[in-house]
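Submitted below is the structure of interest, expressed as structure tokens.
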Amino acid sequence: MKKYAPADALTSPRFCGVASFMRLPQVRTTDDVDVAILGIPFDTATTYRVGSRFAPNEIRGSSRLLRPFNPAQEIEIFDFCSVVDYGDVDVVPGFIEKSYSMIAETMQPILDAGVIPIAMGGDHSITLGELRAAGCKHGKLALIQFDSHCDTWEEYFGEKFNHGTFSRRAVEEGLILPENSIQVGVRGPLYSSTDLDSARELGFEVITEREMAAAGIESVISKIAKRVKDRPVFLTFDIDFVDPAYAPGTGTPEVGGPTSREALELVRGLTGLNLVGFDLVEVIPQYDKGQITCLLAANIIYEFLSLVAKNKSRAK
Amino acid sequence: MKKYAPADALTSPRFCGVASFMRLPQVRTTDDVDVAILGIPFDTATTYRVGSRFAPNEIRGSSRLLRPFNPAQEIEIFDFCSVVDYGDVDVVPGFIEKSYSMIAETMQPILDAGVIPIAMGGDHSITLGELRAAGCKHGKLALIQFDSHCDTWEEYFGEKFNHGTFSRRAVEEGLILPENSIQVGVRGPLYSSTDLDSARELGFEVITEREMAAAGIESVISKIAKRVKDRPVFLTFDIDFVDPAYAPGTGTPEVGGPTSREALELVRGLTGLNLVGFDLVEVIPQYDKGQITCLLAANIIYEFLSLVAKNKSRAK
Amino acid sequence: MKKYAPADALTSPRFCGVASFMRLPQVRTTDDVDVAILGIPFDTATTYRVGSRFAPNEIRGSSRLLRPFNPAQEIEIFDFCSVVDYGDVDVVPGFIEKSYSMIAETMQPILDAGVIPIAMGGDHSITLGELRAAGCKHGKLALIQFDSHCDTWEEYFGEKFNHGTFSRRAVEEGLILPENSIQVGVRGPLYSSTDLDSARELGFEVITEREMAAAGIESVISKIAKRVKDRPVFLTFDIDFVDPAYAPGTGTPEVGGPTSREALELVRGLTGLNLVGFDLVEVIPQYDKGQITCLLAANIIYEFLSLVAKNKSRAK
Amino acid sequence: MKKYAPADALTSPRFCGVASFMRLPQVRTTDDVDVAILGIPFDTATTYRVGSRFAPNEIRGSSRLLRPFNPAQEIEIFDFCSVVDYGDVDVVPGFIEKSYSMIAETMQPILDAGVIPIAMGGDHSITLGELRAAGCKHGKLALIQFDSHCDTWEEYFGEKFNHGTFSRRAVEEGLILPENSIQVGVRGPLYSSTDLDSARELGFEVITEREMAAAGIESVISKIAKRVKDRPVFLTFDIDFVDPAYAPGTGTPEVGGPTSREALELVRGLTGLNLVGFDLVEVIPQYDKGQITCLLAANIIYEFLSLVAKNKSRAK
Amino acid sequence: MKKYAPADALTSPRFCGVASFMRLPQVRTTDDVDVAILGIPFDTATTYRVGSRFAPNEIRGSSRLLRPFNPAQEIEIFDFCSVVDYGDVDVVPGFIEKSYSMIAETMQPILDAGVIPIAMGGDHSITLGELRAAGCKHGKLALIQFDSHCDTWEEYFGEKFNHGTFSRRAVEEGLILPENSIQVGVRGPLYSSTDLDSARELGFEVITEREMAAAGIESVISKIAKRVKDRPVFLTFDIDFVDPAYAPGTGTPEVGGPTSREALELVRGLTGLNLVGFDLVEVIPQYDKGQITCLLAANIIYEFLSLVAKNKSRAK
Amino acid sequence: MKKYAPADALTSPRFCGVASFMRLPQVRTTDDVDVAILGIPFDTATTYRVGSRFAPNEIRGSSRLLRPFNPAQEIEIFDFCSVVDYGDVDVVPGFIEKSYSMIAETMQPILDAGVIPIAMGGDHSITLGELRAAGCKHGKLALIQFDSHCDTWEEYFGEKFNHGTFSRRAVEEGLILPENSIQVGVRGPLYSSTDLDSARELGFEVITEREMAAAGIESVISKIAKRVKDRPVFLTFDIDFVDPAYAPGTGTPEVGGPTSREALELVRGLTGLNLVGFDLVEVIPQYDKGQITCLLAANIIYEFLSLVAKNKSRAK
């Protein structure tokens, strides 16, 4: 196979060349493509820090350190997947509805072609746009959300669309199946005692960080699998899921979170699910240091890719 | 006089206490007040970098280094001015029209009370909101704009309101008198050969940075005075007017600009004008270093205050 | 109740307004107040890095991310506590005795009014000043000290008062009851084999980081409770208790320490103790990255607040 | 014309898309191309700081702020030039001779096709590799070198090839015509009183920074024109030519240098020369702040492009 | 004993004086010396980031926080060891073979005098140079390598000597006994499924990070001891062994790694082995934050020193 | 001559070895020494930022870029001067009187031996300590002070000794001859209209930055020479003399200042004066960027050295 695969770092140094994700071909095509990695640099729906518009390219930069064989999954990714860097959605900063249109417009051909999209945000509001697009293709989706926040608030400043309300909107718009959806890693101070309840009332299963710490990674993986069943699944990973020591470059960090090792193991555990779309959101490079947040983000996307490759390898 | 004046740094160290501007009283009143300093942390109308929402408080932090006597103007500011830190406008990030309403709502009582507002942005889109408010009080205004860009583009991404279009909108909305308005410091690459022409066609006098460098500061000051005459004047200072060596913390920096010394001298030269409002915009602290941008911003606001004090001292 | 409570972040963005702690009212009063949060920006008694004078305001900035309901403790803090940002003590940099006087002078009215003080340092030398003030109100106190150092050295450079000697001085001055006091988290290289012994000879129970790692958080919590009994307790938290990966912004960091999660769980475990005063010291923002140290500090203070609220709720 | 031109920033935000230089097409072709911009990320021939391997991509990032019309030169660049981002040379870090081979191999087809190369270093050692390649096409070249150092040392640590010896080697290898070559901006401490003499003995005209400051920019431009005459010229710009306040991100900074405005004016003055190749070297992003060095570098390359466009426009 | 020992931090502040390691005497002698700490600032054999040439002095700076008694090992280091800061090897940047010669030349007299060297890199390529030198003294060595990479690649860019090939070369050159050598902590994406196999085929025992996490620190320590037996051992510690949250300042970071606490415990567990040489490599201070990487590096070297002191104390 | 001179950077790379000033021998001797460079890392007498305790070593680090021949002065420094890095004064942080004693104790032998001291601060309070020591040797001194502040305030926070009062104290203690002393570069907001007057009333000539800008560098040099006459002169250079764009790393920066080029030319102009002591103060590396402040500081000290060498060369 190996239609589209990365440049070889043993002959061309990893710092050479314009930095696409993993130094993959930059081609805006769906022909002979299994996975399209794309940036969605929309970041003006945040409530505190802002700046994830620069995340896709910084994650691309850090992704050059990745190598094609994943020993934790024992998979040669590009033996099973043809992957391209599809470029970015031309969002409209400061205008969320127009940006949602641009997301839909860009993603629909990808989805229609049966290509799996992996998006790099942008803030968490973009996931609603992605779910709308994915819904047209796949119908109602199960949602796996790794996040320190439920993002099920009703509104912020009288506005319904922003990074703190996307999962409530997704339920309301009928894009996801709450009974097959799960939020993992929630922690930190809340606005009210009802915040967690209201996520649960929407139908989500919520596993808080403290519950996760008590139950262990393996147990959480089982719960996720049991929850999503064989539904088509969208996996959204907010980088603030991990502790800020591991991911300082984010917008609304919450202390007391999991390590990068725990995050990787969680994602690795999701083999065998019917994963149809992914995103990684809320990286803000301006607050990063030594690029550790961007590198972690790149590795999580790498694990997304590996999950797809695993699925493809089994399908063979 | 001295109704509202800063804390005394010879008895209370400048790093002590919650940082209001110059450690002035934080009072949301217009009684016995001549000048109200307020933050307008709206920043989602930018086309490149973003993050000036954090500027007002960072400028406040740096302003603690300021002292009350301005030797360049030979004025004890607080002998002639009662000044408060009025707090911030509660903007709505990602929603410019709503934010314009909030700006108007907050500023109208200030203006109505005859208090002179000095706003700390935020991106340059806020100036339109301020001009709308000031227009209700003063009618059409002369505009002095220190800036490396004209901000007279028609639109960005199909949208009419953002930080690159505010001065065109101000003319179109009849808020300013272009024949008494002037833009100083324009430089850098443009979208087209017509960019400068179209600012001039709108009626602005435009002095480019190269013209300024050739003519000298004194000459520019004369041209400004000649232009604005005795009109009520709004002075807007985009920090990208100065070279990025002096102000790295900004959103669309243009190299090859003036020094901080030149900027200060220009503002100091504006004595005797009928100044009715001010703002300082486009500081993005995340890109600053050693707080030099914020400190310069604080000093420019200090010169604004000094101009008001000079006017008050003459009025006596 | 809710006499003094934070601004509502769902209507006013958290980045708006001059940054007091949690955006609480800045009022220097004890009327209708349960807890007074105050800064003590004295930092010239350090032996290595310096600069915590800027910590109170940076912690205030990060505290804006906090929300009023603590799910880990299941408490709506401001249903039970009226809290103000009391401002800062006007310390005298470079003069420790004068600064101790200023601390006493500022804190005595707080303590006398039965208000619980939570101080933000400043370096660890300030705790002696606080204990002197608290002693006047409460008599001898139990001390809980989370710290990677005992701070029981005899002197530094021939001087008796600095951040490495405060707990020895507190014993010598009869301010604390060593038999009810405990130091947790001590680790790292020492000057001599007798360093730990001398802390124990002073009467402290000392739980080293390695002992804590072996025993587990629950066990440490029990030991603390058993130690302090029902004495009035002062809780001092040196941010270098946690590993520098979680708190790089500090003066004498020690590698190999606990995580932020462990730190939070420890503080959360202290419910039911007779806590009469708190401080959080040794944050140096200049060495922080992405504000993670300041955010952790704000969260620890938030847990202090929650402990007070729990006590108040039980008292009802 | 306009075969290859940048994306339109008025419809697609400048932060969108993988960052090529000015968001130009990334095409490794010489067909219908006038100028090829390429990275040469070789940096292991430095004597002090190191890391310019990351410069080409960081300069590309900052170049997104550039717009196509240059008002200082009154030229619509892409009306006269078709420009591509050619990608990078696959250098071999730590092996200078092999890297020189890779430079030659990559550049020869560009030069042979009559395309003008603009290279982004990398350290100053790469210029020798470029001159070797250009020499095959154009014969002996005049060299214009903006630099705070002559780079005519005999050797460093017993080695002949590194960033401090390139211009001596270029003379010795007969690649340049010293009698038509000139070095501008030299300043700072030297190893010996003979350092400047030996550059002059090699045949270079040397204008020190102090001589330049005394003579003025216009005069220096005249001297350059008089020196290079109508020879084919290679222009090499070491970013340490400007003062470190304007370009902190470099390897061997020398204080007391010119401003960015002076640097731009100098380059703009070189219209009408027979310019056949360019490079911009010694940017080290790790030491940059707020990206001001990278932005200045991008602007200098923009002026290179403008010079080519001016030549093309006259040729029409 | 105490021939050479650090300055006393209780009388001379730790920030005073030119920063040698732990403020030890800077003496280039082997007389009355047990351990020589030396810098080997060679860093041009890296494949991605570069800049560890500045690591030795930055580690020296951070090492000033260390104190002479190690409570975890219960050892007064300088009661048993005379230690000097021997200065640096004069490497030749960009020329690896010449640098290897300089390493040999500098280290041979140290080794010949029976002094134990502890080297501060520099990138991992230097270890080959050190092993060559140590081999002349001790014959074939056991190697303990803490590292997230095996460094057994065949070559990079057609070159055999660099930081990713050193341990393969060491086997090929007969410098180490693979059957007594062990690599611990390997993780992250690989070039191919055979990467790990080929390390094992060379004869190394490889314990991956995931195996280590499963087995526990104690178990790993046993395996190491069992592996190296009573052979003379060289211990090389690549700082990328730990997670980038704990050590951001490195060249090819791998997320999902151990904590600093785990790293320290591992090294502490190596008591009783016949340790004849050490190094700590791949610290790049430019990517560090709050100096936490350098501080961890200094602490690991401190544990090396403690191991030597333990051996000496037993020998008494 | 050349008794003590720097290591040769053409054979030993400048980044090698523990970083003494210019890589000079670290010898605490006055035998065969003309100039002793020493650090005085006392910084707890500041009124705003703090941290210059780390300046001496950071300046040493940057000084490694210096080379021995000064072309601006046409002098081979080490042909005429034997120079050592004398190490640091063991100051007592937080205790100014004791630190003054330590300064005197350390400097007296230097001065008594006829060696010229060049001190690296530390904050500006140290100059009083140095003047006390120098006074014992030379009697009353002329003082040349390059500074943006007069430092003639009466007291801060009720204390007489700190970095804002040193020059007033120096007059009061009879250490300097105000009629031969001069302050250059004063600018920025003041506490009162009398601040400048009171410096003049003490007897100082004060040339403000604006006066300097109007008069030109040459004129200022003449005024200085006319003022100090043939008196023994102490030259103190506060790095905040230059604009913060050139020296962000300082404690109380004042915008609108001179460039690094102007600063260097001023110092270079002081040939022929009877210079008996020097210091460079108020560098705070934590606020620096790309080390430009430290590099400028190193260059200014280099110009001090050159002045001494010029005097020595004439004496021959």
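Going in written order, the chains are labelled A, B, C, D, E and F, and every chain counts its residues from 1.
What we mean here is this: a residue touches a chain if its C-beta (ideal position, glycine included) is under 8 Å from a C-beta of that chain, and two chains touch if they have at least 3 such contacts.
Computed from a prediction, not measured in an experiment: that's the story for all the values here.
Contacts with subunit A and subunit B are shared by C, D. Touching subunit D and subunit E at once are the following chains: A, F.
Subunit A and subunit C touch with mostly distinct residues; of the residue numbers seen at this interface, under half occur in both copies. Using the mean of the Cα atoms as each chain's centre, the chain most removed from subunit C is D.
For the pairs C-E and B-C, the larger set of C-beta contacts lies at C-E.
Annotation: 40 Å between the Cα-based centres of subunit C and subunit F. Mean C-alpha positions place subunit B and subunit D at a centre distance of 38 Å. Chain contacts: subunit C has residues 11-13, 15, 47, 53, 90, 92-93, 157-158, 243, 245, 287, 289 touching two or more partner chains.
Interfaces, counted as pairs of touching chains, are A-B, A-C, A-D, A-E, B-C, B-D, B-F, C-E, C-F, D-E, D-F, E-F. Contacts from subunit F toward subunit E in the complex involve residues 11-13, 15-20, 26, 39, 41, 53-54, 57, 60-61, 85, 87-93. By the touch criterion given at the top, residues 9-15, 64-72, 74, 76, 243, 245-246, 259-261, 264, 289-292, 295-296, 299, 302 of subunit A touch subunit E in their complex. Subunit C meets subunit F in the complex at residues 43-47, 49-51, 53, 90, 92-96, 98, 157-159, 162, 286-287. Listed in rising order, the residues of subunit E touching subunit A in the complex are 47-48, 153, 155-158, 187-193, 195-196, 208-210, 213, 243-245, 248-249, 252-253, 255-257, 287-289.
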